[in-house]
Every structure is written in C-alpha cells, then in structure tokens.
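In what follows, subunit A forms one complex with subunit B and a second complex with subunit C.
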Partner chain A sequence: MSTQIEQQETETEQEEQEAEIESPGERRRAEKREREAEREAQRETEEATLDDEETVLLKVFRYDPEVEGKQEPRFDDFRVPFHKGMTVLDALIYARDEYDSSLTFRHSCRQAVCGSDALFVNGRQMLGCKTQLAELESPVRIEPLPHQEVVKDLVVDMEHFYDQMHAVEPYFDADDLPEDELEEQRQSRENREKVKMSTRCIWCGACMSSCNIAAGDNEYLGPAAINKAYRFAMDEREGADRKQERLRIIEQEHGVWRCQTQFSCTEVCPKDIPLTEHIQELKREAVKNNLKFW
Partner chain B sequence: MYEHDVIVVGAGGAGLRAAIAADEEGADVALVTKLHPVRSHTGAAEGGINAALRDGDSWDLHAYDTMKGSDYLADAPAVDTFAKSAPEEVIQIEHWGMPFSREDDGRVSQRPFGGMSFPRTTYAGAETGHHLLHTMYEQAVKRGIEVYDEWYVTNLAVTDHEDPEDRECHGCVAYDIKSGEIHGFKANNGVILATGGLGQAFDHTTNAVANTGDGCAMAYRAGAPMEDMEMIQFHPTTLPSTGVLISEGVRGEGGILYNGEEERFMFEYGYANNDGELASRDVVSRAELTEINEGRGIEEEYVDLDMRHLGEERILDRLENILHLAEDFEGVDGLDEPMPVKPGQHYAMGGVECDENGETCISGLYAAGETACVSLHGANRLGGNALPELLVFGARAGWHAAGKDMKTAEIGTGPSAKSEDGAVEPPVEPGAIDASSEDVVADGAAVEPTAVIENAVENERERVETLLEEDGINHANVRADVQETMTQNVNVFREEESLKDALRDIREARKEYENVAVSDPSRTYNTDLIHTIETRNILDVAEAITLGALAREEFRGAHWRAEHQERKDDEWIKHTMLAWSDGTPELYYKPVELEGDEETYEPKERSY
Partner chain C sequence: MSQSYNRGTVEDFGRWREFSAGMWAWIFHKFTGWVLVGYLFTHIAVLSTSLGGAELYTNTLQGLEALLVVRFLEVGLLAVAVFHILNGVRLLMVDLGVGLEAQDKSFYASMVLTGAITVASIPTFLGGPLA
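Right after this comes the complex of A and B.
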C-alpha cells in the first residue's frame, strides 16, 4: 500500500478547530465558507431588489407524461440573473441547477457543433447555446421544437428526423476507389467549395421543425435530408452511377418536388446552409437528368 | 438482456472507428452511447489530423516529434504503431468521403502545426472534427451497425477475482434514458470503452458537458488502473463564460495579450521575452493566471486578447470564424473590442491503462480514444495527434476484440507491469468513503457470464431506486465544489499545499455525495439522475488527477510543480499508476518503454 496518510483525520471537535487554525487549507476553506455566506447574503439582497435590467424572465414549457401535475403542458416562470455574454442555454442551466433540477433539455457541446439544443425561442427555431439573451425580447419564451413529439419538457423525439436522414442513404459510396490504399481520390478545390456548406449540417432538426410542408406530409424527406443527398450527389468523387441513384431517391413522391420554396428552413438554419437553394438545384439536376434519358 | 459479440461504449471518433473495425472482422457489434453519435465531442475539434503522407516526410519523423512532444513519457511501441498506421487511416477516411481541404492538384492539403517537424496536419477547414465524426457515423450507417443511442452505461460486468489480471469483462449495464429501464448488455467477445474526455472535472473547460470521465471511472472501479492522470493540457485562450476555444491562430497572426493595466504582460513581466504571446501553451497559461492571481486581471477573472490592430480586412480574411465565436458565445465584437480569454482545461493525456491493441489488464475489456492511455501523448499531446489516435487505436481495439489475429502487445498492463511502489502523502484518506462496502466482492463467486451481468444489473437497479426514492441534496453543488477546487488548485500551477487542499475538498465532496438524491421522480428522460451518476465519476477522476499531481515531484510536459521546477529524468521517466483496489486507491509506477522499432528514444530537452 502506498498512499500513506500524512496526518490522521482529527476526531474531536477541539482538535479539528486547532487543525483549522493550523492548516492553510482549512483556513482557505473557512474563508471560502465566509465568502459563500457573503455571496449568499448578497444574492438574497439582490434578489429582493432585482429590477428587470439585471434579470431575465424565462417562460419555459413543461411537460412530463408520468409526473402528476406535469401531464398537462404548462409554462413555468424562472427569473435568472443576467450577465453579458449569457446565452439561452446558460439561462436554462442556471434555472435547472438553482431552482428546479427536473427541468429537462438536451445540450452538450455549448458551442453550436453537437446540434442537441435546437429550441423554439420566442417563436423561432434556434440553438440555445448560440443565442445571446441580450438579443431577445423579454420575457423569453422557450418551447420544444414544434411539429415533433415532446418527450419531456424541452426534449423532443428525434427518431423521425433521423429516419428521414437515413432514408437518403447518407454515406459516401464511390463507384471506384484508387487501387493503392495509400492513394487519395482527387477532388478539385471548386468541387470541395461547392459541397462545403452542405457538409456543415449538425442534425439539429431546426429546419425540419420550421417547414410547413414537413408538418403536413410526414413522409416528406425534409430540408436536412435533401441537403444531405445534395452533399453526396454534388461530390465529384462518387461518380456518375451513384449520382443517378441519388437523384432517384430525392425525386420520389415525398422528395424535392414537395418543397414550395418558402425559405423558412434557410432562415432558421444555425449553420447558414442555403437549404432552399440546394433543393432548387437538385430539382434542376433532376429535370436535366430526366431530359437526358427521355 | 441484449447480446452482441462486441459492445462499444461511446460513439465519438474512437467508438465509431472501433465499431467499424469490429464489423470489418465480421463481428456482430453494437454502439451504446449516452449521446446520439453525431452529438459526440469529436465534432468540436477544429485544427486537424496528423499523418506522414508526403515525400520528405516519414512515419519515423512523426514518431520522433510525438515522443519529443510527450517529454519522454510516451511508450515507444504505441508511438511507432501510431505513426506507422496514421497514413492508411487518414487515406481510409478520405476514401470514406471526408471533405478534406484540397491543394490545386486535388490532393489533401496539409499545414504546419506546433511541435511538428513537417507540415503534416491534414484538415477540413476549421471544422475537422465535425467532418471526421459525421463521415464515420455515415459509414456506420452504411454498414448497418446497431446503435443504442441515449443509453447511459453505468457500470461494467466483470468477474470478481481477487487479481484484476484474472478478471474477465462480460458486458455492461446501461440505463435507457428515454424509458428509464435498466438492462444488461452481454458481450461475447469484448467491451470497448470509448467515452472521451473528462473536462467536467474542472469548471472551465473546452470539453462538452457530457465529458465526465465515465469510462475511466468505470474501468478504474472494475480494476483496470488509471495511468498518468496528472497529465492535463490547459489551453491559454478560451472564452471565460463558456470555455469555447479561441484558436492559436489569433496569436499566430499577431494578436496581443493585455492585462487589466493594459500592459503587454508576456513581455513586461518577462514571462517569455523572446516568443511573447507565441510561447508554448503551458507558459502562456501560467502567465495569464499569475496576472489574474496578482490582481492584474480583468474583473479578477481574465485577460484580453486584442486583434483589432490587425485590421478588418486581415481579420475577415483569416480569422472570420473567431469573430463568430466571440460574438455568439461571449457577446463581444472582436473588430471593436478585445476578446476576454483565460486558460481552460482542454485534454487528458492520461486515462485507462491499455496496450497497443487497446486491451486492459482485464480480459475482454478495451479502451480507446481520449479515455484511454496507451500511452501515446505522455506528458503533453501535440495538436493534431488526438484525432489520428482515435482512428489508429480505435481500429486496433475493434479488430482485436472481434478476434483478428494481431501482433502480441509489447506494452505491459496491470499489476504485473509494476516496477515500483508509489509514495504519496495525501492529507486525507482517498478513495471510497466506506471501502469495505464497495461493489467488488473478490471471492471469485460470480464468474459465469450471465450471472456476472445479472448481478451487475441488480446492483445498478438498487442504486437507481435509492437515488430516486430517498431524500437528499442535489448533486449540482457537489459537482460545482469539485470543479471549483480543481480549477483553483490543480491547474497549470501546482503547489503542494494547493494540491493537498484539493484532496481535502474532494474528500469533503465525497462525503456530501453520500447524501445526494434525485428530486425528479420521473422515469422519462431523467437528466437529473444521469448527472447525479456522472458526478460520482467526476469525483473519482478528479481525485486521481490530484493524487498523481501530488506524487509527481518534477516538471514534465503539462505538469508543473512550484517546488520542483525541473524535469528529473533519473527518477521520473515512469508512469504514474493508480489502482482502485476495491476502494482504497493504490499508487505505483510502471516503466516507460523508450525502445522503439527503429531506435531507442533518447530524452532530449524539449525546446522549440
């Protein structure tokens, strides 16, 4: 055994107090406790005198199919202290950690790459972590993404979104690969530029949730999945045969032709992907392609 | 009970690569992951992936750079295997469609990176990790690999033999976040842990909220030791409110750091008279913290990184991405005002001890990616070396677990690799509050696979019931206390007294954790419960980091000690190992393997 104890833990209160005076760590912890008490007191006075400038009022959608009192959807109010740079996600985390640990929402990266926290904030789809509170009208109304089944509070069921993504065969699948396993495929800079925006999708589902067509036609592939198809159909490395198959997929009944160019998806996409443009371009490709064969 | 040949826990870069490899070998493989795969933090990596691809470069140069960067704490068999395999792995993901940035001739671009003697860093814009993660997930979809997403793995199902090297891992226990059900997962061939980083042990980190060191803690408690846990990399320029990384590129282009008195402190206080802002990560981080601690910080918290003098045109051309980050996550316009920055935890070099095939000392238990320690990065990871590690060692773990015939590992694992007992004098007892009541019974009773799993499932059901039904305190404060003391005391500055303070604080937090309970009674998507379980893991890894830091009395790589400011090669070229030993942590050392395939690496001064 190797981890020797330098100094046995003190048993009696008196000894503990002595140790407290002796050890710098104890002293620091005592100071910390004092500071905490001070902060607590300060917080209390602050909370008592809070005016709207320093806090933000959140109205958060709540629902839990299992818990009594939450089975009927409702909105809860949370007043959280505001600081510069604070995002909607920061505010939710504050509300959860300080007021109600059952407040439920997905989040992970806090930097707009994991796509977990697309929410409906003041009537618009956005990522909680990428939205500054300072830019929002108060009170801030936070709801789960519309048109998706709510699992609990702000968590929606993403299965349908994933199914649509998977339906377009979302994986690179070249007709031919270089023979040498150490040789890369060539791709022109222009071609990479062409697919670049489409490769930025983080699967957040904001676009699908904003789309009227998707709301009315459950089988519609939706903007994100069509964009995924675009990403591969336009990648010159895959080859002509694969492109044919890809065009066939997006041309189906619930594919590109459903889109009525309302641009709502493009407006909400947190990665600024020109979704509507990509859909339009695929429509043109499909037409060109059909002319070629007829 | 679910059953598969190979179970991969975690679906970031390492987990996905492992699963694809196992599938290539014909195994029935499943990914069990608390986040949907595309939500994994591999997606946050920006810079790039190193591999020796071109004429003039070679694997041994890459290996040499890696060893030097590690400050001679990496194991040569790991480094050599890595550098040799990185090129095929990188070309492989190109064949899988990775949208790499390109040269005029259509080949994959490479750029220079810190510590690399050749421009060998491949990249896809400033979003390399995002593209890597999505490309690999797509390939997993193509192969029809089963994914249990939003399933939280709580513990491993391991036989309870006395000696960890006799133990066998038969599967794991997972909690279905959506339904609240707990199920056993039986792995006929092996379980691969690929759970990523542990940044949440600190309150300021570039890591995701989900990076809570679960894999490390689970393996540790099952008997696989943790290695070199004290080796934590801190990044000097992260945004204060979120920890979002501001790339080194800003300083590379001429960005200047100022303290609260508008002094260019890197020069004015002599932290780096030659390189100034461009000194290495640890030097800049320590300088910033000194300024802040001595009262010259801004709002007692951060310093300023100013790039305004570069001019709008140059900023928009080369650093546009930074403008978005500062704006979106800090509410600051980098064209108009300086950006606040401070050091943040970034990467864990240490982790679950394993060999070049990913195997731990427990048969059937593997580790890969940031949660593992092969050891490739030793005391310091070079930028761009983590992503290829996911590929190379993720694949090897997957192949090995699926039964592929592979070269016998040279790196030793488990207690039999021990060379020396450790000596560390913690001020309080580390480990479980009541070690005798810990899970592993070590009477050799449970050995039959199904029984082992059922046992583990039962234990977990009980734990969850208790957490849900009893009254107690919220875990969030316990977690915050640990994170605060870690950032305060176990950061780039490590002083004996502060480290001891941290251990005392962690001890106190452990005691408080005895009283936690979950107030949300729901079985549906109970994140309160998940976070509460994670906090226990954070306690274990935080303590391991601190114990290792207290034990290692020297300055090596990312680890700096106030009382011991030089590298001591005679004494300290050895790995710090920590074994759980049923709740009473045991510290010991294992030798570093410096003998490589081509050469024996000779420790040299790490200067650039």
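Right after this comes the complex of A and C.
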C-alpha cells in the first residue's frame, strides 16, 4: 500500500512540472503512456505467476469442412489458466488468442446482451459469457448448439432460427396510430409488467436448440418465436384486429400446439424467460378465441 | 434437422443422463400411454371370451390368475396407470397455467406417490393362492 501512495505522489509532481512546458494534449498522451506501462508491468507479473496457478481443462468441439484433415469432427484439449470470475467465453478467448487462432466461435458484447455465444456446455445450452467456469465440472466440454447445422467449430447456422423469428412478425404494429405522429404511445404499467419478461429475449437460440419437438419438426415455430408473438399479442396498444392476426399465426398446426411442455426451453433460457408459461397462455388465448358459446 | 456428419450422443436420446424433470415426465407419460393402449386391446380380448359362455370366461380368468407372471404384470399395470393419472393431473395444471414454477416438484411427487401406491398394492395382487 505505501508504495502505491508514493507512486501517486510522484506522478502528480511530474504532472505539475510537465504542465508548465507541454500542451494539454501532450500531457494527456504522456499520462496514457504511463498508465499503459503500469498495466503492462502488472500483466507481466500476473503472467509470471501463472505457472503455479489453477488451470481448467477445456474439451472443445472442432470441425472445419473447408480444410482437409479437419473435416472429421474431433475434440481438442486446451488447458487454460483459471482466475476468479472467469467465464466459459473468457476461457475460449484465451485458448484462441494463446494457443490456436483458428478456433472459431461467435461473441460480441461479452455481457449476455447480444446473444451471440450460446453454446452447449457440459450437455446444456448456456451463454458462454454468462457461465462461470467455477460452477462447471471439469473437464468442461464445449460444443456447438445441437440440432443446428455446424458451419465451423462452435459456429452454427442460425438462419432457420431467424426465419422462425421473422415468421411471427416481431415488430410493434398498432391498429391505429395517434393523429400527431410525435405523440407517445403509452402502455399501462400493468400491461408492461405482463410482457416484461418476454421482452428480454436476446435471440441466442438456446431454447430452440434444447427443444425436442423443434428438433423433430422443422416447421415448428419454436419457443423463442412464440415468446416474441406473446410479447406483441399481449401488448394492449396494438388493438384487437392485430391481435387476431397474431393469434392466427401462432395457432396454426406448427404453432403453439406443437409444444408438449417438456420445460426444456424454460430451463436453459439465459434470461430466465418463462417460455412454457407464455406458450401455455397463448394456447388458452387461442382456445378462447375459437370457442365461443354465444 | 439433417446433419452433415454424426455428432454422436449429442443429437439423440444418448443424452438421457442430462434430461431434466420435465423431459422425464414427458417420456414416462408417452411410455405409460402406449402401455395403456396396448393393455386396452388385451383387456378387450379377455372380456370378449365371455361371448363364448360363462364357463369359458371363468376358466380364462382363472387360468390367467394362476400364472405368477400375470400377477406381476398386474402390479406393473397399476403402476403405469397411477403414474399416467397423476401426471395427467399435473399436465392439466400446466395447461391451466397453475403452479408452473413447481412443475418439477409435482413430477417428483407423482413419482413418489406412484411408488407408494404400487408397493401398497403388492399384497393384494400377489397375495391370493395361485391355481
């Protein structure tokens, strides 16, 4: 601790001296350089202690149809240094950067928002960036999502999933718009609360991959698409006509009725959306819509 | 979806160790349902012997009850029927949207209850004298 304080003091002294002769831009650049050097030194000391640290063994699915000799799927082992708070995605990034730059996987935001890195980890669909390595049994087996065509390594073809998502017309489309186009279209608090969980979907495709029915029936809309339909069908601002159209889409042969309540989707959803509950509610809506005793 | 290569146990029921409660409930419900359909036909076959007269019917039933394996099959049939009924009630609740958060617990409960009722039925089914 004492050394740190001293450092800070000398830094501020330096800054004061430099400010007199240098321009603000130069001063900032110098500060930046200093910070970088500091970080570099810290990284070096961290790396030096790696050897006696904990490691995690990853077994990663590898497959590349374009390279001869990699067309046969196989598992590669990577031993990655473990640090507290490390996620599956962190480990994959380390393995790619340090060991094998050809290791391919999707990732973007690294904070469970973009939905790029849904993976099949130890036999379960999970978001790589949201799954702590510490919670997993070793060795950690990482595979691409089941029931989807593998493009390369951990990358699967999401085209079919997106087709199903678009099939339910996943956009707000009210019957009547307010006269003044700048007027807000307000939603009641209760209604917002009702659709709240369903709006959380990040299109990662984990639910679709876990669904036994979607695996066998390619035309089945799947949990994610039905959840999207729920989000808009239950939105009171859209109006009765639009709701009718939405119900027509989801009550088709390969719509909500394919769901057999295995709860697989609900269990794997990284955003904890109660998918089965939403599908069941839409089933009841569809029945109420068609059975009229008056 | 078609696969360009064999992904082994990932794609099929080789993953059964990783199945969750809801999945097991679905599999057991299907299985017990088919067993009950199968039983329905044998049931009709046995009952239809009564068309050949009271004696034939009595003899058929006595002949069947004299077999130890039939006694065991009856215990199995009861277990299958009880599970199908209990899980059917569970599915009814799921369809009505009641207690979806407890769906796994209600599955375990129906399993336990099925086991208890089956065990309790053993003296009745296996107790009487053979032949």
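Heads up, the rule we're going with is that the second predicted complex is superposed on the first by the 238 of 294 C-alpha atoms of A that agree within 3 Å, B and C clash if a C-alpha of one lies under 4 Å from a C-alpha of the other, contacts with A are read in each partner's own complex, and residues count from 1 in each chain.
We take it that contacts are C-beta pairs under 8 Å (C-beta built on N, C-alpha and C of every residue); 3 or more make two chains touch, one makes a residue touch a chain.
Bear in mind that the values here come from a model prediction, so they are computed numbers and not experimental data.
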Touched partner set for A:164, first subunit B, second subunit C, both or neither: neither
Subunit B or subunit C, by number of subunit A residues touched: B
Touched partner set for A:264, first subunit B, second subunit C, both or neither: second
First, second, both or neither for A:65, with subunit B first and subunit C second: both
Touched partner set for A:73, first subunit B, second subunit C, both or neither: second
Touched partner set for A:125, first subunit B, second subunit C, both or neither: neither
Touching partner for A:143 - first (subunit B), second (subunit C), both, neither: second
Contacts of A:188 with subunit B and subunit C, given as first, second, both or neither: first
Contact residues common to both interfaces of subunit A (with subunit B and with subunit C): 65
In the complex with subunit C, residue positions of subunit A that touch it: 63, 65, 72-73, 120, 123-124, 143, 146-150, 160, 212, 215, 218, 260-264, 266-267, 274, 276-277, 280-281, 283-284
Residues of subunit A defined as touching subunit B within the complex: 1-7, 9, 23-26, 28-29, 64-67, 83-87, 90, 97, 101-102, 104-116, 129-130, 132, 134, 151-153, 155, 158, 162, 166, 169-174, 177-178, 181-189, 192, 195-196, 199-203, 232, 235, 237-238
For the subunit B and subunit A complex, residues of the former touching the latter: 35-36, 38-41, 43-44, 53, 87-88, 91-92, 94-97, 99-108, 124-125, 127, 129-131, 134-135, 138-139, 141-142, 178, 208-210, 239-244, 325, 328-332, 421-431, 474, 476, 480, 497, 500-501, 504-505, 518-528, 547, 584-588
Partner subunit A, residues of subunit C touching it in the complex: 1-7, 10-11, 15, 17-18, 20-23, 25-26, 91, 94-97, 100, 103-104
